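Two complexes are shown next, each including subunit A; its partner changes from subunit B in the first to subunit C in the second.
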Partner chain A sequence: MSERLPSGARRWPLWLGGIGLVTLLTLVSPDGILAQEISRSYRDFPLIGSRTAIWIAAEVHLLFAAFVLGVPMFAVVAEAIGIFGKDRKYDKLAKEFTRLLLVAYSATAIWGAILSFLLVTLYPRLWVYLTQIFAPSMWAYAGLFFLESFTLYLYYYGWDRWAEGRAKLMHWGLGIMLNVFGTTVMFIANSWLTFMMSPPADVTPDTSPAMVQFWSAFANATWMPINIHRIIANVVFGGAIVGAYAAYRFLIAETDEERAHYDWMGYVGNLIAIGALIVLPFAGYYLGREIYEYSPGMGQTLMGGFMSWLWIIQAFLIGVLFLTGNYYLWVGMGRIPGAERFMPYTKYMLIVLVVGVIVWATPHTMIASRAEIAAMGGTYHPFLGVLGVMSAKNTAVNIMILTTFLSFLLYRRANKEPVVEWARTGTMIQGVLFVVCAGIVIFYGIYGYFVTAIVRIGFSVYQVLAVIATIFSVVAIDVAIGRGAKSRGAIRWGQMPERSQYALFILAVTFTWLMGLMGYARSGIRQHWHVWEVVRDTSEYASTPALGYASQIISVCVLIFFGLVAFIFWVGGLAEKPVLSGVGSEGGD
Partner chain B sequence: MGKHLRHPLGQSVTVLVAAYLLIKFGIVYLPPLIGIASAPLPSSVVLQYMITVIVGLLLWVSDNEERWAKFKQPMHRVMVDPEQKVARAVLLLATPLLVAFVTFDRVRPSVAAPVSFRSIHPAPPGQIDFQGRTLRLTGLENPLRSRGSEDEHLEEGKRIYYQNCVACHGDGLAGLGHYSQGFNPVPLSFQDVGTIAQLTESVVFWRIAKGGPGLPNEGGPWNSAMPAWEDFLSEDDIWAVIMFLYEQAGHSPRTWGEEPGEEGGH
Partner chain C sequence: MWQTNLKVLAVVLGTVAVFTIVSSSIPQLQSVVPEDLSFSGDVTAEELVAAGQALFEGAGGCADCHGLGTRAPNLLTDEAGTGQIGVRCARRVTGQDCKAYLFNSLVDPNALQVEGYIPIMADMSRTLSSEQLWALVAFLQSQGGEVTVTGADIESEGGVESAGAAQPAAVTAAGPTSTSSDPVEIMTANACLGCHVMDGTGAPIGPSFDGIGGRVSADYIRQSILDPRAGASEGYEAFIQLMPATFGEQLSAAQLEAVVQFLADRR
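Let's turn to the complex of A and B:
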């Protein structure tokens, strides 16, 4: 079994990207040629215009970058489970995750180089402005980029060579370093884009960029919230893409062993994606709050102004994620002996989720014709209008998270028969925790209508905390209950209907779309400013794109990304055979 | 009939019809039975709800092998069973006719104004020029709340409201003034939890002072008949009427965080 990649063919884009980046940074450094005299502020791009060109390059680069930053996080965790849990199948899984990483890394570099070239050629004035503030961090970025690349090569190609004992631990250390370098690279890039969004208060249009203090620009108001949000979102995204890859391999698998392996891999990918998704709203609240704190006007544009419609689309798409993630678990119960006893309950969970999606996606201001508005007495519905505000929406999403967690718990319990004496009591306590948590969430949801807005915002924190606390407590009890549990039979990995795999595709596409849409919202709230209220966009593309147009461009980006991902994975599959975990034969859990 | 209701397809159709009736008519007629006002839902929301219900039903019928096979069986039979020729022919005719009708209905000319998205809360600027002075909106509080008698301010606000605003915004602040139906869109209801209850008093001040002409370029084109009241009212008049609005609507204004605008500067 050959596991070596045709290295030359895969590395050249990386080298090209790296060399291109360094060349650019040198050319346009504060003392460079471009910085001395910028004769023009903008240059147009044929057919699609400069803004759309930059948009596509940045979006596709970000999608690949999110994947290559998210996957190492759980690859290194899977490897650790393999090492410390002495379970080889996790080690093999980690290696397969990393194989995907290697091929996607080149695409990230290529799109990064395209983005840099387009920025320099289409927006030279802005580029020079940013380099005058951020040049040192750009050099550090390039250096870390090389370190990250070589660590990745060592990590992947050294997998079999450093497979035992201390060498294996050193190899795991490489995985950790890969994450450190990758995350630092992301933090640096995040500082550039967050500076454009929230420059320090003392930076005005008259401030010379050379006079801007580096650290205050670097660690600006929205930098850390974006860092945290992106770290978690990258894990979600990486899990979803890995799940889609596994689904693709499952559908084209020719042997039961392959089907079993990719069924398991898809399950792990889905688990990672949905698990991380549950904590993502926390980071989202933090980011939103910081945006609002920085500029109430900007916050209002995002949440209540013309960007607010994106939140309705977002609600609908996240509803799709919850429904699909649960569906995958429910279908998966068909291959678990003992799961039949839980199946009658899935329809009630489905009802809760459907009602949750309906509440969450109910717009406050409804899209209505003149006659419909007259019938309602305004654009707010007199009865359902109450579902349009945050109290209702936070309640709905927290109940949906709780329901999804319950699905996972039933899935986990399906083939286990607890042997501890207090199993029944423990299960009852778990039930009580669920009920109390739902009660807290609903109580604060309703109470939120009777308090001022600033108090109501605080309630969302209590709701999320109640859910997170319940999840941790219930998992702790469940682990204790499951200790030494008898098995009702091994999971029949691979015996999964094909339609379940399409659920994994839907998850990946929906996550990608969401990233594009909400990224547009984050970037679009700058409106006609390159750097918010400091550097004005004076190009012909200064107006904020309409939502319909934005949706089309984002959809194009999603198509480009998946087209390339499909091609890369297909090519990857041509060159090597998979590293099967043997999960089907072992009857893994 | 009972046999059909035990079949997943029959159950799905029943739930679908029940959901439609509930969304289309139940929401209109049931709440008034317990004294809660309601109204018909716009078709866009009915469609959104029904899509969600259909997706839910499809997930239910397909999350279990046995149920999925049973669900597909009648459809499969209609498509391939030689005895189902008539049903097939009817489907063959009905499907394109339905598509044609829906298409016709969508594209036929209408005199109705097109529906449009509307931003309810335009983003306020950081500061405004008001009657020759610069007012910084971020962190701005209503000065009347810490000055003079609250009752007097409310009485003054009431007088100003009934002299200037009631014709459009209505007696109960529900946006149902005498002239309201002459506007598209009609004025917003201040009783709703999503209007002034979501805003700081400084934003309401900006909206009253600058009116429709002062709306920002972003998010346009706007459609507002609100006059710029800075041409007719003093600063204290506007703050007084704002106090009256919150008092009458039974809402509290949004307050600033502990350290308003600490990091903002623009």
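Let's turn to the complex of A and C:
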């Protein structure tokens, strides 16, 4: 069956975006713009205002960009498993991942062009300032964008032509190059936005942008932390959206084969999302530390200032992710022969997770008036204050990660019957590792109440290291135990209750909303500065809105994103049928 | 199929709605832009203090750390028994009076790091104008001390409104201590109503001054002023640490007695 798209209609928006961007860069090159008198620093946007217009354009563009950057990472990994593991179903899965990528790419380009046009028309002074520093990187961005586009076309349309031998390896190389180009494009764009957050210390309001050294502006203090954080977050996000796509196709599937394929695809998407999510807090910790290092004042604004309550919402959202992700795994155990022996433990894990979420979502810093402090009976709430401190929160989140990992381990073990002689001993060692890890986490959590803040901060490192060490050790033992294991029966892919698929939708929506929230945090900590302490925002929208208003904008962005995703996936489905992996007929784990 | 589509739509809309409602239900804090200030040469202390207070509690972001929390020295009430900032400021660095110390703390905070805290404060002259800095100094002085900032201080700094314009001051003028014998003036100068309510004014952190003479004796009031840690009134135990223990040094014997008798007479 031919999978070539029937017409070039789906491609033109991509070229439009690219051409628009290049035209834009040419028109507003520093010399061109500076030759003119710019009489206005700002223009307003009808009805919603310029800030909200830019906000929506940037957010929706970023959501699509995260998707098209995240998916190639695990598409190329899936293809590699297919090649080197000689398992064709992974190759088919990788191709279907890429098919989603192709249709989402156009939307990314369109929203990128919208963002650029809005920025240059609504914030011309800021745009000129940035182009004076970053013009060369903008030209490179446009060039890499074209390379990325061509590579994507070759990667997708050459899939069946270069399917065997060396040609297949070359095709896999294209996938790697696609990732290299895409990631480089992201790194370049990240330098612009992180410069706005953390310009070099020697750049002051009196510094001419023409005198700013390019590389010091490019590789600024928060550039690499944002790069790392976004790479991981893109994988999480891509996995979640793929999971939602698979869930929808599962729900409308007409045959058992389709249901089995999309059940498996949803499982893989969810596994990627939750697996990468566990690593994400460490990248976030690195970013937060760099923000504090760069500007303690900015760090305080983020964690203890007007944004302090944002972290309660973040805890609530991540609580939803943990609970929903575990729920999906537990429901999924219903289709695994042998999993019934582990099911009684899920209710205890649920209790641990719920308690963890409650502790994590306990507010700590209250910016209270004297009257409010009087009403509370102290600077901290008499009861909540005990749980709201970092000792309790770090303990809660580490125990939640450990519990989720245990869920995954039980899921993985469910249909296996180890045959190695030391299986029982190995399992006991795994249990001891879990108990010791939980003990270390809880010990430092309690000890943290009796030491000063500076010592307490260091304890979180010990807790995290204990969890990471346990995860790696237990997985290593589990892989060894599983060698040659007997199967208690193949996983019955496709035999999942519908409610599990709606859980995948909740996960995707929650991940998307969380990205919007974190985008608001990252951008909002600049407060009334376009470029922190260098270029002041003197527009009527200079203040940073409260979380209630922000949540409404985030929700609008999320709905626009999902509306467009639904549309383009529907359009994509009209033209061609996906190649099913055949996982239902092969069984598999 | 349409039934499935509707269910999916309901799940997506429901999830988004829950997040929006929860986010809109928590305390709503907005980051506001610091108001540009412009003072004439004859600006009054009250005008400066009011402007400084608005900055401190609002756009300046000072209260994030210097409120009643633990990240930075307490600038609203007592700090570990050393008194309010308006009192202790003159004792912090030899050779710097209160005004100089406070201004220098704002523009070069790391050089004047208070023991026990980590250096997390930025040079505020990068984000605040000279007028805004002096307004903050006046507000901090008013916390238990005498406001000595004048229009001359601002003019000497040029009053330039731009980030990075202000320079560390070499101010040396010493603020006169209050010599008033009027109990209300004494209490105002020492910011007693920052934590006690009297005639509908003040904050209810400590016991109300209304009817206090009917509840406790003059000796008890005197003891509470001189040694507040000796015992807290019922219901206010959690706030005992906030009451400065320095009034015995700040007030003259006559001033202390004037305040004690004034309060004892409020039955």
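The working rule: the second predicted complex is superposed on the first by the 569 of 589 C-alpha atoms of A that agree within 3 Å, B and C clash if a C-alpha of one lies under 4 Å from a C-alpha of the other, contacts with A are read in each partner's own complex, and residues count from 1 in each chain.
As a convention for this text, a contact is a pair of C-beta atoms (placed from the backbone, for glycine too) under 8 Å apart; a residue touches a chain by one contact, two chains touch by 3 or more.
This one's a predicted model, so the numbers in the text were calculated from it and none came from an experiment.
S.K.: Superposed on subunit A, are subunit B and subunit C clashing or fitting side by side?
M.R.: After superposition on subunit A, which the two structures share, subunit B runs into subunit C.
S.K.: Once the structures are superposed on A, label A:Y449 by its partner contacts, choosing first (subunit B), second (subunit C), both or neither.
M.R.: In the superposed model, A:Y449 contacts subunit B only, not subunit C.
S.K.: Given the touch rule stated above, what does A:G304 touch, subunit B (first), subunit C (second), both, or neither?
M.R.: both
S.K.: For A:L353, is the partner it touches subunit B (first), subunit C (second), both, or none of the two (neither)?
M.R.: first
S.K.: For A:A485, select first, second, both or neither according to whether it touches subunit B, subunit C, the two together, or no partner.
M.R.: It touches nothing on subunit B or subunit C.
S.K.: Would you check which partner chain A:I252 touches, where first means subunit B only, second means subunit C only, and both and neither mean what they say?
M.R.: The answer is second: A:I252 touches subunit C but not subunit B.
S.K.: A:Y502 contacts which: subunit B (first), subunit C (second), both, neither?
M.R.: second
S.K.: Just subunit B (first), just subunit C (second), both, or neither: which does A:E533 touch?
M.R.: Both subunit B and subunit C are touched by A:E533.
S.K.: Regarding the shared-chain residue A:T544, is it in contact with subunit B (first), subunit C (second), both, or neither?
M.R.: In the superposition, A:T544 contacts both subunit B and subunit C.
S.K.: Touch test for A:L559: subunit B only (first), subunit C only (second), both, or neither?
M.R.: second
S.K.: Between 7-15, 43-51, 61-69 or 241-249, which subunit B stretch has C-alpha clashes with subunit C?
M.R.: So the stretch of subunit B colliding with subunit C after superposition is 241-249.
S.K.: Overlap the subunit B and subunit C contact sets on subunit A and report the shared residues.
M.R.: 295-297, 300-301, 304-306, 308-309, 316, 365, 367-371, 373-374, 377-379, 382, 453-454, 527-528, 533, 544, 547
S.K.: Spell out the part of subunit A that touches subunit B in their complex, as residue ranges.
M.R.: Residues in contact with subunit B: 198-203, 221, 290, 293-298, 300-301, 304-306, 308-309, 316, 319-320, 323, 327, 330-331, 334, 343, 346-347, 350-351, 353-354, 357-358, 361-386, 388-389, 449, 452-454, 497, 499, 527-528, 532-534, 544, 547.
S.K.: List the residues on subunit B that touch subunit A in their complex, please.
M.R.: 27, 31, 36-45, 48-49, 52-53, 55-56, 59-60, 62-65, 68, 112-113, 115-126, 137-138, 174-176, 181, 184-189, 192-194, 197-198, 200, 203, 217-219, 252-257, 261-266
S.K.: Quick one: which bits of subunit A touch subunit C in the complex? Just the residue numbers, please.
M.R.: The contact residues of subunit A facing subunit C are 204-206, 248, 251-252, 292, 295-297, 299-301, 304-309, 312-313, 316-317, 365, 367-371, 373-374, 377-379, 382, 453-454, 502, 505-506, 509-510, 513, 524, 527-528, 533, 536-537, 542-548, 550-552, 554-555, 558-559, 562.
S.K.: What residues on subunit C touch subunit A, complex-wise?
M.R.: Against subunit A, subunit C makes touches at 1, 4, 7-8, 11-13, 15-17, 19-20, 22-24, 26-34, 61, 63-65, 67-71, 76, 118-122, 126-127, 162-164, 194-195, 203-205, 238-239.
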